[in-house]
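Structures are listed in the sections that come next.
Both of the next two complexes hold subunit A, though its partner changes from subunit B to subunit C.
This part shows the complex of A and B:
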């Protein structure tokens, strides 16, 4: 579900490997993110380029991950497809998350912090 | 018996949410644009998850049906279940979303955004209790093609 693809300068890129993040898999996703964060990955870029559907449960799991990182680090989202961007806009979560067009720009920003 | 493509029956299990999109594409893919189908899928997914979570209190083995109809001006999904009734006024208007100013993530709730998504995806939301059945209607008007 969640694979680390790059680790560099304290930033880890995780790729979400499923096409959907919804009520069916949000609890598992939340657990995996919590495990990664608690193991020390607190500057994370989440590559969602393969995701074409996110619902409010998926959004809730992402908010949970953001809160778990808290002031210890950063969670940035990258490569959101248009249907997923729409969900973030509808709920104003595009104003809460750091969202980047691709993983390179997200990593660049997190390395600066 | 050949299943009616305009109706789908789902069990009260979150895995069933993933049947909604393929069913919609089969039922109305020839009639509606991709973005409208995506909006209907998202609204219906939120509504069914809401039914499983609240009307059926997460209990398995219950039934939800979705029917799709056209009336010449638009498309309507009618969701029916036999769970607990929705609180009065729940679907009457879109809930307020967070203000525009930056929000402290620590203050955010992990739930409660489903209704805003439903109202953002469809033009009309109507709920009625008919006997022991909840009936939720989600309608989109036909959109002019550019």
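This part shows the complex of A and C:
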């Protein structure tokens, strides 16, 4: 579900491998993120390029991960597809998360901090 | 144990029944397969010992007939073979026999065969008891959930409710018994209508509990005191902020919900909204144009200290306002495509001249046709406010 694709200078890129982040897989996603964060991955770029749909449970899991990282580091989202962007806009999560058009620009920013 | 013994040979029947009698069992005798079946039908006996070769219904036919019928219990079939032929075992097992004995039947062999039967039947009876208990438990849970669903429905406003110059209709369809959706609407004085809709994240009982508690919490009095503290203008954002303070939890984000509340001001021909992550309401004007209202907003219960905003929109005579939950637009077809905003808007426009009641009734078959299923994965709810054409209808 969640694969680390790049690890460099303290920043890890995780790719979410499923097409939907919803009630069915949100609990697993939440656990996997929590484990990664608690193991010290606190500067994370989450590549959402393959995700077509995020429902309210999925959104809750993302916010949970953001809160878990907290002030310890950063959680940035990259490559949101239009339907997901729409949900982020409706729920104003586009103002809560750091969102980048692609993983490179997200990594560039996270490496600076 | 009671056992049916089937053999066309009288001396064999007596021999076997004598053995069984001495072992403390009781034999009921049948001269062929047909009689054996009758005995099984009329009693609660679960073991039959039958000769393979009999005129009429023979042992193999009997085994097949036993398997084909439903006795409501397992029947253990032991076939007795005259000659030790391998094909008898193949045919016997194929017909549904559980075990075999060859003639002459030796008492120790009969005894272990019956013990094997007893073992299996005991196991089968235990399973039956367990599955009966499970079915009862499931029924109990379903009855409780259905009762909880009725309790939740009792919190909803009346169907076809007339509030001032507005006729309000609603659709409420939990995906299973209870719903994570909740809404209400009520008159605020003579000229105004207050309403809210909430959709708690997740499916099942946990979100439904929160949804129902919102239903109890947001009374018309609480609504009025929060949203109309000084009469005018309405401040629906204060209700959102108040609920957010009440439900925000820094540790846990599983209990959050999207929310929309507003006030319809009939003389002012306006609706004032506060949108907190709930889908944009759809306005269909009397002239047949449609618009999605609101600028979005953070759902409630996620972050402390969020400031909410209100937006004001025209809502005049002949206009229709539709407030819906995302269970409608996020319903997916077999390929995973969502019903979506555009199709929903087209549906609403196609039914622009229909009564709100018919709009609500038509939505379900329309969505079912989209998903290809009679039941929906997410809770569905919708409120339709129809402002009458005349000023003081």
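The working rule: the second predicted complex is superposed on the first by the 113 of 113 C-alpha atoms of A that agree within 3 Å, B and C clash if a C-alpha of one lies under 4 Å from a C-alpha of the other, contacts with A are read in each partner's own complex, and residues count from 1 in each chain.
Note that contacts are C-beta pairs under 8 Å (C-beta built on N, C-alpha and C of every residue); 3 or more make two chains touch, one makes a residue touch a chain.
Remember, it's a predicted structure, so these values are computed and weren't measured experimentally.
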Fit or clash - subunit C, subunit B, common subunit A: clash
Contacts of A:4 with subunit B and subunit C, given as first, second, both or neither: neither
On subunit A, the residue positions that both subunit B and subunit C contact, one per complex: 20, 23, 53, 55-57, 59-61, 63-64, 67, 83, 90-93, 96
Residues on subunit A engaged by subunit B in the complex (per definition of touch): 20, 22-24, 53, 55-57, 59-61, 63-64, 66-67, 70, 83, 86-87, 90-93, 95-96
Subunit A contact footprint on subunit C (complex, rising order): 199, 201-203, 250, 253-254, 256, 258, 277, 279-280, 296-299, 302-303, 326, 330, 336, 338
Of all residues in subunit A, those that touch subunit C in their complex: 19-20, 23, 52-53, 55-57, 59-61, 63-64, 67, 83, 89-93, 96
Complex contacts: residues of subunit B adjacent to subunit A: 14-15, 17-18, 21, 38, 41-42, 45-46, 49, 52-53, 97-98, 100, 102-103, 105-106, 108-114, 116-117, 120-121
